[in-house]
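Going in written order, the chains are labelled A, B and C, and every chain counts its residues from 1.
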Amino acid sequence: MPVYFNEKEVVLPGQLLSDDSKRAGEGTYVMDGKVYASTVGAATIRDGKVDVITFRGPYRPVEGDMVIGIVSDLKPIGIEVDLGGRITALLKIKNIRELASLNLKIGDVVYVRVASSGLRGVFLELDEHFRKIDEGVLLMVTPTKVPRLIGKRGSMINMLKKITGCNIMVGTNGLVVINGPSPTKEFAAISGIRLIEREAHSQGLTDKVLAYVSSLVSGEVGHGAGGKA
Amino acid sequence: MSFLPIKERSFAVRIMNDKIYKLLQQGKRIDERSPYDFRKITIQTNVVEKANGSALVSMGGTRILTGIKVELGTPYSDRPNEGIFSVNAELLPLASKSFEPGPPDERGIELARVVDRCIREGKSIDLERLCLVPGKMVYILYVDIYVLDYDGNYFDPSVMSAMAALATCTIPKYSATGERIEGEYMKVPIRDIPLSVTIGIIKDKLLVDPCSVEENSLDTSIVIGMDSTSNIVAMHKNSPGHIPLSLMESIINVAEEQIGKIRAQFMEAVRIGQEGR
Amino acid sequence: MEQAAKPKLIDESGRRLDGRGPTDLRPLKVEVGVLEKSDGSAYIELGKTKVFAAVYGPKEAHPKHLAVPDRAILNCRYHMTSFSTDERKTLGMTRREIELSKVIREALESVVFLEEFPRSAIDVFIEVVQADGGTRTAGLTAASLALADAGIPMRELIAAVAVGKVDGTIILDPSDIEDKHGEADMPVGIAPRSNTMVLLQLNGKMTKDELKKGLELAQIGIQNIYQAQCEVLKKKYGVSMTEV
C-alpha cells in the first residue's frame, strides 16, 4: 500500500498519509478508510504503522513514566502534585503516618512514578525511585523534546552531565532539575538544554551541543543563549 | 474585595527561592543577568495606524502595546482649564495563563494607576494646552495599555510604551467650535519624560526588572518613577512583604542609575518615531 | 464624529479604493509562534487588519464543574483593543465580541479532536490590534494556526475570509470602508481538505447568484490563505530531520 509522504517529511493536520486505515499510528486519524495527520509533525513509518512525531504538544502521562512535579496541595486522600501547570496528579497515601514521614510541604519538588492515567485522573505511587529534590534550578522543556534531551540510551544527557559536572534530573513531563558545582556550569547546562530544545531535529546535534557547552564551561564565549529558567 | 494574587502558581517552588537568593549572593541572576540589569528592551512606535499614537515595547519576554485615541469632551468641573488624561490597562489572557478574561481586575487597575501616577504627578503633560474652551470643550487622551506577553514586570515597559506613544502621538486639531481643522495636527505637550524601574527585594539583596520566575520568589518589590532630572515622581510598593528602611537609600540610587541607562535608548527610539510621522 | 458621505467604492476601470481589483486579497502576512508564554500562537496581517491568537492548554478545566467527562471544552475569546477602530471602542466585551467569540469557537470545535482530552479545557484568545475589515475571519485563521502550533490534534486547519458586495459588485476581502458602505458582508470559514464550511454569516442582502459567486470567490481567497498557513508552519518546523 502506498504512502503519500517522504520519510521524516513535515506534515500538517488533514494531510493524507496513507490509503490503508490499518496503518494509522500516533498523531494520525482515519476517515473514510484513509489515514490523515492530526498534528504538525514529522511523518515516519515505525513497525509498519504511519506515525506523526509531534514537535510540540501537551504531556500525556503513561504508566511507568518518571516525572518531576511540584507539591500543590496536601489532602486527606493524598498529595496533589502539579506536573507542569497543565495536569495535577494525585500521590495516594495509605495513612497519616506515611504522609508525615514524607515531610512534604506545598512548593516542594518531587521525582515520582506515574502509577496510572485515565479517565479518572492521573495517579502517582511511592516506589524505590521516589525522592524529594532539595536543591537545584527547575526548568520546563517542551515535553515532546524530552526523548531528544535524553538521547539514545541516555547519550545526550550523560554527555551534558559529564561536561558540566552538573547533576541533571529529567522528568518525562518536561520538568528538569539541574544542580551543579557553580552558576557558570549550571548556566552552561541550561544553555545546552535550550539548544537541544530549539534544534531537536537538526543534524549533528550531539557534536554541536558538545562544542557549545564546552565553550561555555571554559568561559570562552559569553552566555545569553540560555533563555529563561 | 482583594483576593490572593494569582501567580503562575499560587505558591512558589521552594528550591527556586533558594537558588535565586544564592545566585544573588554571588552577584548573578537566573537568566544570567547582573542584579541591576534590565532585560533587552526594544521600542517600536507607530505600530497601529488607527491610533493617534502607539508603541510596542518589549522587555525580555514581556511585551506591552499602548495605543492613544484622542477625542473631544467636557472637562472635569473642578479642572475646567485642563484636558483629560485617562489611562487604562488590561492584562490580556493571551499574555499568560495566570490572566483571566473579563473586565480589568485589581492588577490591571493597579497597573493603569501606577502608569498614570508616573506621568501625571511628574506634571509631564501640560494639560492646560489641551483645553479648547474652558469649562466646555477639551481634548481627551485615552491611553490604553495592553499586556500582550507576560514574563514578569509589566510596570516598566508599560510606562515606557505609554511615554513612547505619547511622544509620537499626533492630535488632530479642532477649532473652538469643535470643527476639525483639516490637515492640522499638534503634538502632545510633553514637559518631561518620566520612566520607571521595578526593584525586587529578597532579604538584603536588590534586583532590577524581575522576570516571572524571580517575581514568584521575591520578598517584595517596588516601582519607582523618575523624571529626566532624577526627581522621584511616583513610588508604588506592588506586592506584600517588608522593605527595610535601611535599604531605601540604595534602592533610590539603583533606580537613578538604571533609569539613566535606559533613558538614552528610549530617547533614540522616540526620535526615530517622531521622524517617521 | 459624523458619518462621512458614501464614497465611490469601485471606479470605472473596476479598481477599488485601495487599488485592488474585485477578486484581490490584501497583502497577507502570517507568522506562528509569536508569543512566548502561550502554548501556541499566531499573528496575521491582512492589509491593515492585525490580529494575534494564542492557545493555552489542554489544561485542567476550572472551575471543575465545567469539565466534561469525555472530552475537552474549548473556550474562545475574540476581543478588540480600544484603539483598533476609528472610534475608540469601549473597554470590556461588547455584544458583537461575545457573538463572534461564539461563532469562532464553534468553527474551531468542529475540527479539534476534543475527545482526546477528557475533563480538560483549551483556551483560545484572539486579540484584534487593528480592525480594517475581516477581523473575525483573520482571527479564525490565526486561531487555527495557533492550535496547530500548540500541537493540539485536529482534523485539519481552517482558513477564512470575507466576501462583500459593494456598488453591486461581489468583492473579495472587503476593507472596513467597503464593509461600512457596502451592501453585504459575508464571512466564510472553510476547512479546505474536506471542503466544508465551519463558519458562515451574512450581513446584508445578496441574490442567489451573488451568493453562489461570493462563495466561489471566498474559496479562491481561502486557497491563498491556506497556502500561506501551510508554508509558515512548514517553514517553522521544516528542518532537516535526524534520529527523531
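A few points about this structure:
Everything below uses one rule, namely that contacts are C-beta pairs under 8 Å (C-beta built on N, C-alpha and C of every residue); 3 or more make two chains touch, one makes a residue touch a chain.
None of these values were measured; they are calculated from a predicted model.
Taken as a graph of touching chains, this assembly is complete, with every chain in contact with every other.
Taking A-C and A-B together, the chain pair joined by more C-beta contacts is A-C. The mean-CA centres of subunit A and subunit C are about 33 angstrom from one another, to the nearest whole unit.
Inter-chain spacing, taken between the CA centroids of subunit A and subunit B, is 37 Å.
Across the assembly, subunit C contributes residues 59 that each touch 2 or more other chains. For subunit A, residues touching at least two other chains, in rising order: 85. In subunit B, 61, 97, 151 are the positions where the chain touches two or more neighbouring chains simultaneously. Within the complex formed with subunit C, the subunit B residues making contact are 47-51, 54, 61, 63, 65, 67-69, 71, 88, 90, 92-97, 101, 103-104, 142, 144, 146, 148-151, 180.
Taken together, the subunit C residues at the contact with subunit B in this complex read 1, 35-38, 41, 48, 50, 52-54, 56, 59, 77, 79, 81-86, 88, 91-92, 123, 125-127, 129-132. Chain contact summary for the complex, subunit A toward subunit B: residues 70, 72, 82, 85, 105-109, 133-138, 177, 183, 187, 223-224, 226-229.
Residues 8-9, 11-16, 18-19, 23, 26, 28, 30-32, 61, 97, 151, 211, 213 of subunit B are the ones touching subunit A in the complex. Here subunit C touches subunit A in the complex through residues 39-40, 57-60, 69-70, 111, 113, 117-119, 148-157, 191-194, 230, 233-234, 237-244, going by the rule given at the top.
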